[in-house]
Each structure stands twice: as C-alpha cells, then as structure tokens.
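Next come two complexes built around chain A: one with chain B, the other with chain C.
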Partner chain A sequence: MNKKSYKSPIIMFVYIVFLMLPIYWLLNMSFKTNVEILGTFSMFPNKFTLHNYVTIFTDPGWYMGYINSMSYVVINVIISLAVALPAAYAFSRYTFMGDKHLFFWLLTNRMAPPAVFALPFFQLYSSIGLFDTYWAVALAHTLFNVPLSVWILEGFMRGVPKEIDETAYIDGYSFFKFFRKIFMPLIASGIGVTAFFCFMFSWVELLLSRTLTSVNAKSIGATMTRTVSATGIDWGVLAAAGILTIVPGILVIYFVRNHIAKGFALGRV
Partner chain B sequence: MNKTVNQKAWFLVLPVFLLVAFSAVIPLMTVINYSVQDTFGNNVFSWVGLDWFEEIIHSQRMHESLGRQAMLTTIILLIEVPFGIFIALNMPKKGFWASFCLVVIALPLLIPWNVVGTIWQIFGRKDIGLLGHTLASMGIEYNYAQDVLSAWITIIVMDVWHWTSLIVLLCYAGLQSIPDAYYQAAKIDQASRWSVFRYIELPKMSGVLLIAILLRFMDSFMIYSEPFVLTGGGPGNSTTFLSIDLVNMALGQFDLGPASAYSLMYFLVVLLVSWVFFTVMTSIDKKGAV
Partner chain C sequence: MSLELRDVSMRVNGQMHIYKTNLTLEKGTMNVLLGRTLSGKTTLMRIMAGLDVPTAGQIIWNGKDVTRMKVQDRHIAMVYQQFINYPAMSVYDNIASPLRLMKKSKDEIDFAVRKTATLLHLTNELNKKPLELSGGQQQRCALARALVKGSGLVLLDEPLANLDYKLREELREEIPKIFEESGAIFVYATTEPEEALLLGGNVATLWEGKITQFGKSSYVYHFPNSATTARVFSNPSMNFFNIKKDGDYIYFGKDEKELASNSLSKLPDGIYLAGFRPNYLEIKKYSKTAIKIPVHLNVTEITGSQTYLHITHDDNYWIGLIEGVHQLDFNSEIDVYLDTRYIFIFSKDGVLVEPAFSSIDNYKEK
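Coming up: the complex of A and B.
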C-alpha cells in the first residue's frame, strides 16, 4: 500500500521515548538510595532498593495521602455520574424552557479557572463545616466534572435511537426500570468513558484539593508539595511517591483502552 | 433527532442545576460581594464601588502576569497544535501497535499535575537530573531555578510533554473516521501527500481540532500546579502566571477586595477569549464546508 509509506515508525518511536524518558528517570530514582542519587549518576540503580516504597507504605503521613485522594475521587465520580445521567438524558431527548442557556451555562463552568474559586470555596466549605473532609474536595471538583459528564454522556445518548425509549414505554416499562434495565446497558461504554474522565480530572487536580484540606483529608498532591517546602528534600521518597500516583492512571487507562478512542471520537473531552 | 417538548424534563436536570448552582453561583456571589467592598477585619465591610477594579486594571502586576500568560499560551498553542497533528498522522491505524501507542501516549495526561512538575523539577536539575546533567556536561548553561530563559524553556517543554498527547488523541480520532475510499480516490487522482492532508485529512479533523485548541487554550490559561512546583513563579516573577499571581494575592496575602476583582476579570478574559475563538473558528469551519 502506498498509504502506509507515509507513516514513519521512527517518528512514533522518538515521540514515545520523549514521553517516557522523564518518567523512566523518576522510576530509576525511586529505586535508589538518597546517597546514590546525590553521589553518583547512572541510568540504572547500582544498589537496587525498595526502601523508598517501604517508607511510603509504613508512614501514615504518606499512605493516608493516597487513601484520602482515592476517597474523594471515588465520591466525586459517583456524584458526578448520578446527577449527570438523568440530566444528559433530558438534554438528549427533550426540549424544555431554557435548555440551551442551561447547557451553555454548565459549559462555562468548565472554563472557570480553579484559582478563582479557591478562596470562595475555602470560605464556603469552612462555614458549612465541611472543610478538611473528603466531601469538600469531592463537591468542589463537581464544578468542572458535572458539566463535563453531562457533555460526554449527552453525546453518547444522542446515538441511541428514540424508538427504543418509545417501545419500552409501550411495553409497560416505567421510566426508572427502562433507564436501569435497557438504557444504561446501551450506553455502558459512554458511562465508562465519562467515569474515566471524571476520575482523571479529579485525580490530577492540585489547587482545590490542597486549599480545601489541611490534616484529616490531606491529598497526596498536598503531601508531596508540602514535603518539598518543609525540611530538605528526600528525593528518593518523593520519586517513589510520584511513581505511585501514576499507577492508578495506568490501571484505569488499561481498563478503558478500547473505549477511549471512541470517547475521543465523539469529540467530547 | 427531533426532540419533543417536555417541561417535566426540568426535574431530570434539577439535581445538576442545584449542585452546580451550589458550587458555582454561591462562590461567584461571594467573589462579587468582596470585589465591591473593603474590610478592616472583624467582618466590618464598607462599600467601595468599583475602586478595586480600577486599581487592578491599572496595576502593573496584573498587566505583567497577563502578558506572561498570553505569551505562554500563544507559544504553547503554536508548538503543540502542529506537533500534535504531525504525530497523529504518524500513528499506526490498527492492530496491537495502535492500542499500545494509545495507552502509552495517554499516560502523561493521567499524571497528577503536581507530579508533572516534580518529574521535570528532578529531570532538569544539574546534580540529579538526566536533562540538566547532560546539558551541563555538554557545556550548555542551563539552570531553571536562576535563569529566566531556562525556566521558560523548561515550562514550555514540560507543557508540550504533558499535553501534546491530548491533541494527538483527538486528531487521531478524527482521522479514524475518514473512510478508506477517500484515500483510494486520492490515489487514483495521484494526489500529492500535501493535498491529501490539505483537502481530505484537515477538513475531516477540523471539528475535533477546534475542540482541542479550545481546550488547550482554556487549560493553559489556568495553568497553576506545574509551574508552581517547578519554579514557584520564579526566578523573580518571571514565571508568575495569572493563577499563581491570583492565589498568592487571595490565599497568601488575603487581600479579599483586589483578589476578587482580579478573579472576576480573569474569568471574564477566559470566557471572552474562548467565545471569540469559538465564533471565529466555527465561522471559518462553515466557510470551508461550502
């Protein structure tokens, strides 16, 4: 095929090396002792050690960061999906008063810089007693995740023919039964893709999660940045902590790998 | 699809409406409230009208941050968009390598933003980083913590590393939707590689590309964590972008009035530019289609 000759595997290879090299360097460092990191310079650890990982898994100051981050991310994904599913259905099936304005208004929240909301969120959640809880961060992240979910899900739902709804109602299904038994399985990959994006944006966000937590619900991102600013830097542990934050991403992306291109194909991120 | 009119659909939308109203409208009202008042502590507020807005509009600090931000966003878009398209054109189309590339390419997108900063912080250091060490041994002067140019280059390379994949994935999805028949027709016409790109691939990608550019604009305009971890806004103020500046003002100095006025103008600038982008690009899109 003539078409194939346009593609060069070398370009892809170079790009992937460019992407992987900094990550590899972090991985390499996480298996070194601090003495080796600061003393010698090598592409492979000379004295392979798991000490840095042991530190993280035994020190509550570190591993609680992961548990906290995971907790608010999961709560956020559940809330976002639960409220976005019916709304996306409404947007994809019906016209109602102010629907276009509402949809646009939702999307403007995706454009809101988190820095603008950091201070008011801090005061809002302090005043209702949610400061330093998972709920504060989970609710704060709905600001950009709910509009996103509605947007992605609406795209998937539009692809389901309306005749299916009508047939189900004629067959005597109630709305909830239809939604749960027939509609949700039809857009399962859409729900997967949405959950993936909600997970991703909540997991990678730093500013709001750092502002809204102090001790009890401190996220891993906050733990990492605060260690840097406190007593001198423990590079090995920092590298190991960084590697561990990448692991959930790899797992999630592995599970949705077949759906992700489809999600992107709809042009909705 | 023709939709039916149903006002009861509001009940389905109500949870979203309430939730987003809670997490967007209340904070925004707080900000507006602060932006027109002055306080001397103890919850005593006095009305100052638009004084804070005037102060911020004329403040050099905001001008400089906005200038730096605009420059960063422009450079990033100019590099990432062509580069992303170029990589997407070279992606394998199907089979094992296609999914392998997809997974590997998407990886930087899933790394927490502060860790992206940490990765490059380590990678660029002269004593322990591969990049910094290699450059130093080649005799190139490079220190992102002290040298403004190095800091900027590091931030730009970091952002290209972090976000080009998003553009690649979107363009790739657009390319996947082109039927093979188009290419066969082009081959019969003996179209050059360039005209295949210009008249088949680019028009088919324009929809997703529009979204990619819009997203990259919005997100780069809000950039906070990566430069915060990497340079902390330094050396001096040379990498203090809008978000970093605003957070310093709001949460560091706790200057409620000016920070709120700053916030509102920041938000408006993002909305305005996004809107202009969107209108201009959709009108170009329509012209191209005719």
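Coming up: the complex of A and C.
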C-alpha cells in the first residue's frame, strides 16, 4: 500500500466533516428551543423538542410556503420540458439557417443574473395581473430553465441514431406516436436529469420568487427571509424550515443519481 | 408489382449525388446495388424508400406515382447497416410493432411474429431486449421486423457489413431463402462483388452516382459493358494496361511484344485498354496462350493459402492473387504470366469491345 492510498480515507473523512458540519448544525438547532440556541453551546440538544416542526406543519404561514414553492416548481418543470423537448429534437435532427447561432444564443440567456430581469418581470406581471401567482414565478424561471433543458436534452437526443426515427416512420409510426412510444423511452434518463436541473434551479432561486410574489404565492425561501417578527427571529423554526427545504432536493437527487454526471456534461458523454 | 425509377436524379448542396437514373425492378426479384462507398447506393435506396425526395424524376410503384408520398403510407421495409431496433421494447414487441400499427388482431400478430421469429432463429430471444442480444441476433431482429409486414419492397442497406465474418456467412445463406419465401422485391446494397454473385438475381453497378450497368448478376460479371463496371464488379479491383494491336502482334508496356491470341486476334488494329481480374495472374507459364509481362514487385501479402502481389506495370498499379504461399523478394523485377483467354478488351474510353473468351465459355455453360 503506498502513502497516497493510505492518506486518502483521512482526507475524505475531513472533507465530509467540513461538508456536513453546517447541515448538522442546522439539524441540531431545529431540535432545540430558542432559549437553548441563544443561551448555550451544545453539540446535541439538551432538551429535545419537535415543537419547531409542529409549528411549521400547523401554521399556514409556513406550510403554505412549501405548497406555493412546489406548485410553481412543478409548473415550471412541466413547461420547461414541454417546450424544450420539441426544441431539442429540432436542434438534434435538422439543420436550418442560423441553427448553431440560435443554439448558442439560447445559453447566453443564462449569462445574465436574475436580478437583471427582476424589474421588467415585476412591472410586466403587475400590469397583466400575473403578479403574486404561481404562474409568475414559473414563467420567470423558464427563462433560465428552457435554454439549459434544450442543451441537456439535445445532447441526449444526439446519442440516438437518426436511423431509429426513419425505421419507425418506415414501420408506419406517425411522428407523435414515434416520439411518445419510441423516442421518449430512449431518452428517459435525459428527461429525468433535465427535470432535476429545472427543479434545482427553480427550488433554490430566491430573488425572482421573492420579487414576483407577496402573499398568495409566497415561496418558502421568501417566507424564511421574512421571519423576523416583533418577538425577534424564531431561530428554531427557521432551522426546521431549512431542514425541510433540503429534503425534496435530496429525494430528487436520489432518483437521478446515476445520470447526473451525464447531465452536468449536457448529455455529451 | 414493380418499382420504377423514372429519370430520377438527386442533388444535395449543389453536388450531384445521383445522376439521371432509369431503373425498373420487377416483382419477386433480388436486386443488388453494387458499388464502393460513396457511390450513391444509400442515396438511391433512400429515394426508393421515400425517406428522401429526388431533385427530379418520379418513383412509380405498381403504376402509381409515389414520389411525394409519405414514408408511413408506402408500406415498405428497410434494414440498415447499423443494428436498428427499438431498445425500449422486447424483441417480440419489436417484431410486432409494424403489425400493431396496421391494426391487426392479436392472434394474427402472434402468429406472424412467431412464424418470422422461427424463420430467423429468434424464438428463444423473444422476451429479451434487443441490446441483450449478440450483433447477429440484433440484425436478425431488424430483419424480422422488416419481413413480418409482408411488404412488397424490402430494402437492405449493407445489412451484413457490421457483422463478423462467421455470422455474415450464416446470414448470407439465409437471405436468399427468406427472399424466396417472401416473394417481394428485394433491394440489397453491398460493396462486395462476391455477395452480388452469391445472392444471384440482378445487379446494378454504381459508380460515382451513376448506374453503369443493370442486368443478371452472372451476365454483368462476365460481360461488363465498360471498364468502370468491370472495376466495380471485381474484388480485388480489375487490373488495366494499354495495348497496341498491330497485325498478328500486340505491343504493350515498354517494349513488350507478344503474339495476339484468343479475343486479341479478332481485334482490328489500334490502341485498346486491356483488363483482367487479379486471380488470373500467374507467376509461371501454365498455358500456351499466356503472355509474359515483366513487372516490378512492390510487396507481397500472404493470407493463409493465397498470396497477394502488389505490383507496378508501366505506371499501372496492379494486384495479383495467386494460389499457394510464395516467398518472393520485395522490390524486385519479376515476370508474371497472363492467359489471353481472360483478357477483356475495352476501347480507349472504356467501352467493352471484346469480352474475355473465358466469359463466353463460362456463361454458355450455365
């Protein structure tokens, strides 16, 4: 055994400790009372309590935040996929004037920070009555998710030989039947990874969701940043909310864990 | 049933891929498209299939113009060089899929699928996914899907090219049987002259987007109408050299002079292009009518029981294929012998003037 392989488990351990430390601290806090959080330093809760979680699941001000976030994330994922699937198919199968430029231009949409779009979206949605709805956030997020989805899906689709399309047409499949019955199962993992990337952006994004909602469609991120009340910050509930916000991400990552690397390479592995 | 290409031509991005072509394929015939890579075999096949619309001309199927008809409505079948199946479906569903689209009854589909699977030795693989099969089985699955429809036109685009030697031989024997059972028009593209001869039927030789000759395989082989056809329909390629006929003698190479015999003796005086297949070149004089040709030997290749000679004669690059293992010095001057019985005579611009005597004998025997 050489020195390198002897050391690597230690490095790995240290890395994971540093990585997990804040999450552990969050978990630790979520089971403590506010008095304990502010008063003492303890590695474990002295007085274990689920009170913080109970607050979140009973107070509509909190749990509606999750429902609102999930609603616009799901709408966003569905819109992004519905738009990106045909677009990516076109880019992978056809050549047309300016196709390469258009394809690159798509990605430049992601180069601007969301803050740039906050004002125009706010003004536009206010004037057409979309402000403070799920649709406002979902549509705003598609600006960032559709280009990425097209890029990822195009990579996966390019891996499917064109002859499969032609064979299906020869066999008598219409385009839509071919797309649904043969093509989509072939790129199922790509669709899963794309959905994950859309989810990840939309779930995490704070600025647009905060700007475009006020009461009815307030996202969990916005709820968490507006938790200061007359009695000060409720640290314990905030920690519990943080933990609950991580959970959906972990679940989704679990399902696409085997395909994520290919997704990060935009399907071009 | 017949398929007719009428004045069909294809131009892609300003480049001619298929020059004006007329071709009629009759019911129940095996038609081989023979040509090198990029000669236009696949383009021609895609036009027949309806995957590409020709730039000009018409495609007539049973007397009906189908040039602009959608692929889905043509009811043809096609097998690609790559093994194309639907990976998400089982082999059974793969074979059944064209029938399901035709809205056949369940029993009908089951019967047809099992019959075709038996024909192609896939009975034990029906529940597997295509990617779990070997290459040969995958291609058989693709063939089964093409045949199960019972369509009148089956297009096979180099179906055996990606298979290993053993499987290729096996499938090559099966294809004529399958063909006879189906009674459809088969079109089979290949780069290998042997395949064209083994499959029988008709052959169309393609050269740079032109069909140079179309006819019965053995006829085209023995009586190529031009030097180009002969070149395509010969493996290794036919060797050529210029000769001058003057009286009873022929002159060729630097200062060689030989008595004209066989087809050469009938020629009027003049300059011609002589061609012969590599397997008729010998390094000993076996026949009275053999002529001696001094050549430069570049290199030899020994493949088991045969020896390939790579030689240069008067700036022409030749290949000789000789039975047995021969150890010859590389880069040396040697004499090779060629029986004039096997010499095809073409005019200077490549049109057949006299077929080889051997062709006349061999074709009569059949």
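Assume the second predicted complex is superposed on the first by the 253 of 269 C-alpha atoms of A that agree within 3 Å, B and C clash if a C-alpha of one lies under 4 Å from a C-alpha of the other, contacts with A are read in each partner's own complex, and residues count from 1 in each chain.
To be clear about the criterion, contacts are C-beta pairs under 8 Å (C-beta built on N, C-alpha and C of every residue); 3 or more make two chains touch, one makes a residue touch a chain.
These numbers come from a predicted model, not from an experiment.
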- Message: Just to be sure I read the superposition right, which of the two partners does A:Ser174 touch: chain B = first, chain C = second, or both, or neither?
- Response: second
- Query: In the superposed arrangement, which partner chain does A:Leu124 touch: chain B (first), chain C (second), both, or neither?
  - Reply: first
- Message: Looking at A:Glu163, would you say it contacts chain B, chain C, both, or neither? Reply first, second, both or neither.
- Response: second
- Task: Kindly classify A:Pro185 by the partners it touches after superposition: chain B alone (first), chain C alone (second), both, or neither?
- Result: second
- Task: Go through the superposed model and pick first if A:Val215 touches only chain B, second if only chain C, both, or neither.
- Result: neither
- Could you let me know whether more residues of chain A are touched by chain B or by chain C? B
- Query: What does chain C use to touch chain A in their complex?
  - Reply: 49, 51, 70-72, 74-78, 80, 82, 84, 86-89, 97-98, 101-102, 142, 145, 149
- What does chain B use to touch chain A in their complex? 1, 3-10, 12-13, 15-17, 19-20, 22-24, 26-28, 30-31, 86-87, 89-92, 99, 101-115, 118-120, 122-123, 127-131, 133, 161, 165-166, 169-170, 172-174, 176-177, 183, 187, 193, 207-208, 211, 215, 218, 221-222, 224-225, 228-229, 242-244, 246-247, 250-251, 256, 259-260, 263-264, 266-267, 270-271, 274
- Message: List the residues on chain A that touch chain C in their complex, please.
- Response: 161, 163-164, 166-174, 177, 182, 185-186, 188
- chain B touches which residues of chain A in the complex? 2-3, 6-9, 11-12, 15-16, 18-23, 25-26, 29, 37-38, 41, 79, 82-84, 86-87, 89-97, 99, 102, 106, 108-124, 139-140, 142-143, 146-147, 150, 158, 162, 200, 203-207, 211, 220-221, 224-225, 228, 235, 238-239, 242, 245-246, 248-250, 252-254, 257-258, 260-261, 264-265, 267-269
